[in-house]
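Each of the next two complexes has chain A plus one other chain: chain B in the first, chain C in the second.
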Partner chain A sequence: MARKAAWLFIFLLMLSPILSGCWNRRELNDLAIVAAVGIDKAKDKYLVTVQVVDPGEVASRRGSAGQSPVSTYHAVGGTVFEAIRKMTTSTPRKLYFSHLRIFVIGEELARQGMGEVLDLLSRDQEGRTDFYITVAKDTTAQAVLNVLTPLEKIPASKLYASLEVSAKSWAPTVAVQLDELITNIVDPGIQATLTGVTIRGDLEAGNKKKNLESPDVPTRIQYKGIAIFRGDKLVGWMNEEESKGYSNITDQLHSTVVETACPNGGKMAVEVIRSKTSIKAKIRDGKPEAEVIMHTEANVADVECKIKLTKSSTLYELENAAGAAMQKHAEHAIVKAQRLKCDVFGFGDAIHRAAPGYWKHNKDNWDEQFAKMPIRFKVNVKIRRIGTIGESIMNDLKE
Partner chain B sequence: MNERISGRQFALMAAYVAIGDSMLVLPSIPINDAQQNAWISALVGLAAGMMVVWLLSAAGRLYPHLTLVQAAEQLLGKWIGKAVSALFVAYLFLSIGAHTREIGDFLTTQMMPETPIQAIHIMYAGILAMAARLGLETIARTGEFFFSFFIVFLAAFILFLIPDIKLNNLLPVLDGGIKPILRGSITMTAYPFMELAVLLMAIPAVRKPQAIHANFMRGAFMGGAVVLLIILLSILVLGPDYATRSIYPSYALAKKINVGRFFQRLEVILAFMWLLTSFIKSAIFFKVLQTAIAQTAGLRTEKRLELPLGMLVVCFSLIISSNIIDFHEADHYWPYMDMTFSVILSLVLLAAYAIRRAARRKGTTGSGNKGKD
Partner chain C sequence: MKETKGKKTPPAQANSQDQAIKTKPIMPSLQDNLELIRSQLGNSSDIVIRELSYPGGDGLALAVVYTDGLADKQSVSEFILESAMLRDQMTRGEGGDAVRVSPQTLVNQVLSISDTRDVPNYGSLFNALLSGETIVLVDGYASAIAAGTRGWRDRGINETLTETVVRGPKEAFTETLRTNTAMIRRKIKDPNLWLETRQIGRVTETDVAIMFIKGIADDKVVEEVRQRLDRIDIDGILESGYIEELIQDETYTPFPTVYNSERPDVVAAELLEGKIAILVDGTPMVLIVPALFVSFLHAAEDYYHRFDISTLIRILRYIGVFIALFGPSLYVAITTYHQEMLPTQLLYSLAAQREGIPFPAFIEAIMMEVAFEILREAGLRMPRTIGPAVSIVGTLVIGQAAVEAGIISAAMVIVVSTTAIASFVFPSYSLANTMRMLRFPLMGLAATFGLYGIIIGTFAIVLHVSSLRSFGVPYMSPFAPLILSDQKDAIFRIPHWAQFARPRLINRNNRKRQQKPSSAKPKP
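Right after this comes the complex of A and B.
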């Protein structure tokens, strides 16, 4: 009997460590959920800024106490990880990175090379690859993360959503995630690109809650241009037209607006509804060359000139004009990239696929080869529909 | 062993052993060697693997009522047989230690970084011991029961990843020549298929001996196909560079799942699949280890070996390597150890059988001298 009791006692004793529950649990209210991270260069150290969500302010049911919906913290450290851990001296809770939406790299850091800061993101087990990466243009990442935004209470969510939407329906932005960026940085056949984010308006006013009090907010964050990298170093920017051409060539264009000139003066806009681009590369006489083939479907969206729309020959003319406009954008993008000797389009990869033997011997000086490589275009635009009205009112306006 | 398993259960056990831990740790090895051509490595590995399984099955069917340990003793004589069995026991023990460590490393790297690895190892070895006590039949039935879940999860996993597939990742085909592909296929042959040698210990338990061959081949093929699919998906979705860089590419794959911003963060599906296949695999190893020890040492019963073995596994899995890189360096020589205990052991057994038979025939047709066997 005593023996049995002793065994029972030992058994219960063994159970006790299991019964204490999740020893390493972290409840929501112990975490500071990081929505955005920004990294800048501070002399030879890193200045890390994090944007932390205040769940109480974001929840819409309870009236907000008038506090800012997010808080930013920053710290300087010799390595990114050190700076983040150092932040615990100023944050009330431990930072939690799994819900990261946007990662902003300061332009200065990007110019000096951002490879070092990307390692931590992919190594840490809290990190995921589903956030977008951008470069702060003409400003610092810290400044970008300090701007409050209307409509979306969390600026990081606004940055995330507007990058996604603009990449889908406007085109001169690219939504790049970590795994793609890392692959593009190390792959010799393609160079990386990131969309630039910039602050428009008064820097000081942007970080006050006051910024949200007028309908036309004085300070906005806005995407602008695409940064061209060589390896992990930023070497130049593409403007809006070039960016459009870039996303068209790299088949990232889903929908956009193409402005075309009317035959008799004035302008009109064509809405691209789907587009498919393929790159065909080959070696001719020992030299690489490539052809970019674009198949685009579009609708007439906006007529701001006198034009006889209800004739099919007009639509064919428009198709040619729109195709020419798109080709012009693409050519501009190529000229910019070739001048910088940065193959952001992945022509190198296309050569690698088409002629592995040539690639093996030339991949080390691919930048030079790319810079003088002839690239031809084959643009095929089909205008399918003209919207809900036929002839434009422009034709019948009273003089 | 008085346990009885059906042919179907045997086939599923073969599939589990083939998928096992390979699902998580294998993909980056051939991709590292053959880059975007690793799926060809996997195909080569699958073909070579099926030959290995054919060989194993041939060796196993020499004596369908005997386990590998008993057959070795029968064919090689008592002392050589026992020596071979002892080596086999050591191999099983090493494998279980390595499986346990893989589980511990994975969970502490990806999911619970602050949990001491000992806690995970103790619990894992605990359920292994429990499974072994309940017996091979229970393990086989558990495997059979969960296999449908596994297939459903795998199908969902593949389906959700289809939007992220980039076919260009597979090109150019064969640009590095044939050598890296063959190098990549070594591990692909070894980890899923050569480790199937453990099932030679389970052969006497199969209800119909004539069903062994077909089910062995079918199960191994199924498992190999799953591994091939995972490797293919890793290349298609992650690209060869990121897949090599990841320690657990299939887990990185699961992180990519994002269907309509709604189906996302489904890593747990992958973790479930891997824990399931890996657990069934190590449970089979554990049970087989127990039987092998009992039969080699001539114990009257194999009961009560679970607890001490479990404790040994916990300790061994902790000292097996000092850090994760050290552990992964085993990938350079582990395939050859697998080869020793599958291909070479089977060939030795088959050769011994052939020699004995030839000797016997010579003995009966010759001058009438009795053979020695």
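Right after this comes the complex of A and C.
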């Protein structure tokens, strides 16, 4: 009897794969892989644009059929989710968001507040949260997603890769992912920032495959400036110098170029190879103040003037000059932020850690406190290497 | 022969008659004896009966019986017939009269052959005769002599075909039991290497030998092997596979619980670990018990090369197990359920390859796997001369044409062929078959439940394997149960000077292999 029951159980167990009916099974060719999503404001509704990859066009070895490697679809809806589902009326397959590379928020939407949009992104279980978020500067997200890019066939991959590379080696961009953005929005001790993406050139020409036919393409998308948010609303932009200073203060600087003037005319550049910044905050006489300590290592990259690099005193001078230049950038960034009353650097968090009691009473008007908080700098630059040649060839150049 | 279950049919009438003949003693009359032999063997033409009579004697005095083809004709003529005839002349020269020679005298003074024994009854007479021994019957004496003249055409010792090595002995066992035991003895010259022979198979009476090293092998396991062999009641044993299936612990398992090898060095090594070899006449495959899962992944060569490369290659084999078992199912699961796990670029290229493929990935995988299995089976069975033609057609049709026709995606071809290649890294063919079989249910699970299904399948396999035993030894040891000291020769193969002990669950009493040297380096 027990034996029979056991066999019956095994038999029923063997039925279960058949009964489940391959729930949630999707073949690869049933997916419309979304590489980028852009959201704009359309009156009081959302205009959602998705960039869908045509894998045959991207990965095929047999030469492309001349079609665009991506297609964009857009729809308007009262909520983002509604707009996305509405899009099925025009997309041939179901949109698949797991491989989202880049999320573009239109400037108008960003100025009015983007909190509602972020909820869907973090709630949906299908997404991987490893995409970057940017703001379309002076344009709409839809326009950004419509530009075709050379070299990297999928514009979204281009945006992803160039943001990653420039954040690593140029500094005035920040690669922000969803979790970090949301944390910064809700944390009163720090304000969010996003890199801006803008279109340079002719907007109309960028939509055509023709855009890829010349070596210097007429239309390209590029990153420019860092957007400053108060809460979830965009309030201002930092320019390139300020952006550099910003990434340096927030310790997001991995490598960049610092340009300094030579003592006797001309210019030179050092390459920052390693940088560590820490913020020390304290309360003195009931007022908050902070010190930014930067330890930077750099290499001499480019000497365009006549100096004696082989003398150690020259290098000390260079270190000081580079330090001064970096401090100047950082100060500019702080001035901009204090004018906007937006603590994008996280000084509030530093105060929170240093003086929790003070923070408890002052966090509600921290913006005001931040705006008049004195910030001092301690910059320590070390030049490690001067490259494969010693003296500049300029020294041997006869004038 | 005993009856184990009441259900079985009672022994046939002929069998009981056979039984009577078998125990029937040799008769004194030579004429009667020869008559009986002839009638029992149905006057088979390969039985040679050579009758000798002494001149002056009264009729027949001596008969020599042997099987043509099994007995070595030259030794029969030289050492039996010639000796007997010379003796006859000698005795006549002395006394002039024929002397009746007793079998005892024959053995002691006449027959110049090394190996003789007395045969008490017809059962052993027939057995000896049909094994190639020569029977000498003397008129007037109720006994017979069996002289060891076995000698037949055999294949000779060839290079191993199934377990090839780059370094190490190349010889393989043959179909002759005696040659095989000699090959093992040549490797282990210890008096404790014991050999027990018995005959199994009511009709075939196949010689089956148990070989073990007394004192190293566990006596209880040896006794268990004896009992299981004695329990066999079957008409014929044609290959060691019969024995394997009749004595293994668990039949309903895809995993082999008896190891087999055709390499004398492997058998010798296993004997040194305390295992027991079962040799069967007529096949070069020698069985070894108890068998552990790890030994199926150990090649003889692991012990002949340096330990570091051997360890690396072993790790490679474990990776091979993983790929052979999970390759297609992982591909199916990830591409149909878990696309988010793929790197983005890979997803694009896989999706591009799947554009226009009419079948779901699972059907695709099944089709490819079945096609491959057919090709493989065809390659094994067909005449060797057609082999290349079939493999060319197979690779072209399956590898290229199917992809170009857009029926199968290129990635699937890669997955299936990688899996196929991975299943060839096992030194043991039986384990490769296991992986081959288990691959299909896993693919089904992957297609219905995704990775979750693969995990379920893996659990089931792991549970099953951990519950298996081979002659009382847990099959998965030294992993389950975990035995730290045996890890020295499981995934890793540490240097020989550091292997002090034999596997713990196999040798309970005598574990010490060598004294502990600190290293192989000579002391300064």
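Keep this in mind: the second predicted complex is superposed on the first by the 378 of 399 C-alpha atoms of A that agree within 3 Å, B and C clash if a C-alpha of one lies under 4 Å from a C-alpha of the other, contacts with A are read in each partner's own complex, and residues count from 1 in each chain.
Just so we're on the same page, contacts are C-beta pairs under 8 Å (C-beta built on N, C-alpha and C of every residue); 3 or more make two chains touch, one makes a residue touch a chain.
If you're wondering where the values come from, they're calculated on a predicted model, not measured in any experiment.
Once the two complexes are overlaid on the shared chain, A:Arg128 sits against chain B and chain C alike.
In the overlay built on the shared chain, the residue A:Ile33 is in contact with chain C alone; chain B does not reach it. Touched residues of chain A, counted separately for chain B and chain C, are more numerous for C. After overlaying the two complexes on the shared chain, residue contacts for A:Arg25 are found with chain C alone; chain B is out of touch. Within the superposed three-chain model, A:Val53 lies in touch with chain C and out of touch with chain B [touch as defined at top]. In the superposed model, A:Arg101 makes contact with chain C only, not with chain B.
Once the two complexes are overlaid on the shared chain, A:Glu204 sits clear of chain B and of chain C alike.
Legend: residue contacts after superposition of the two complexes on their common chain; A:Asp364 is shown touching neither chain B nor chain C. Once the two complexes are overlaid on the shared chain, A:Ser157 sits against chain C while remaining clear of chain B. When the two structures are aligned on the shared chain, A:Val186 is found in touch with chain B, with no touch to chain C. Residue overlap on chain A between its contacts with chain B in one complex and with chain C in the other: 24, 128.
By the touch criterion stated above, chain A contacts chain B in their complex at residues 23-24, 122, 125, 128-130, 179, 182-183, 186-187, 349, 352-354, 356, 359-360.
In the complex of the two chains, the chain C residues touching chain A come out as 335-337, 339-340, 344, 347-357, 360-361, 444-445, 447-450, 453. Interface residues of chain B, counted against chain A in their complex, comprise 109-115, 168, 171-172, 174-175, 238-239, 241-242, 245, 252, 255-256, 258, 264.
The touching residues of chain A, counted against chain C in their complex, run 17-18, 20, 22, 24-29, 31, 33, 35, 53, 55-56, 58-60, 96, 98-99, 101, 126, 128, 154, 157.
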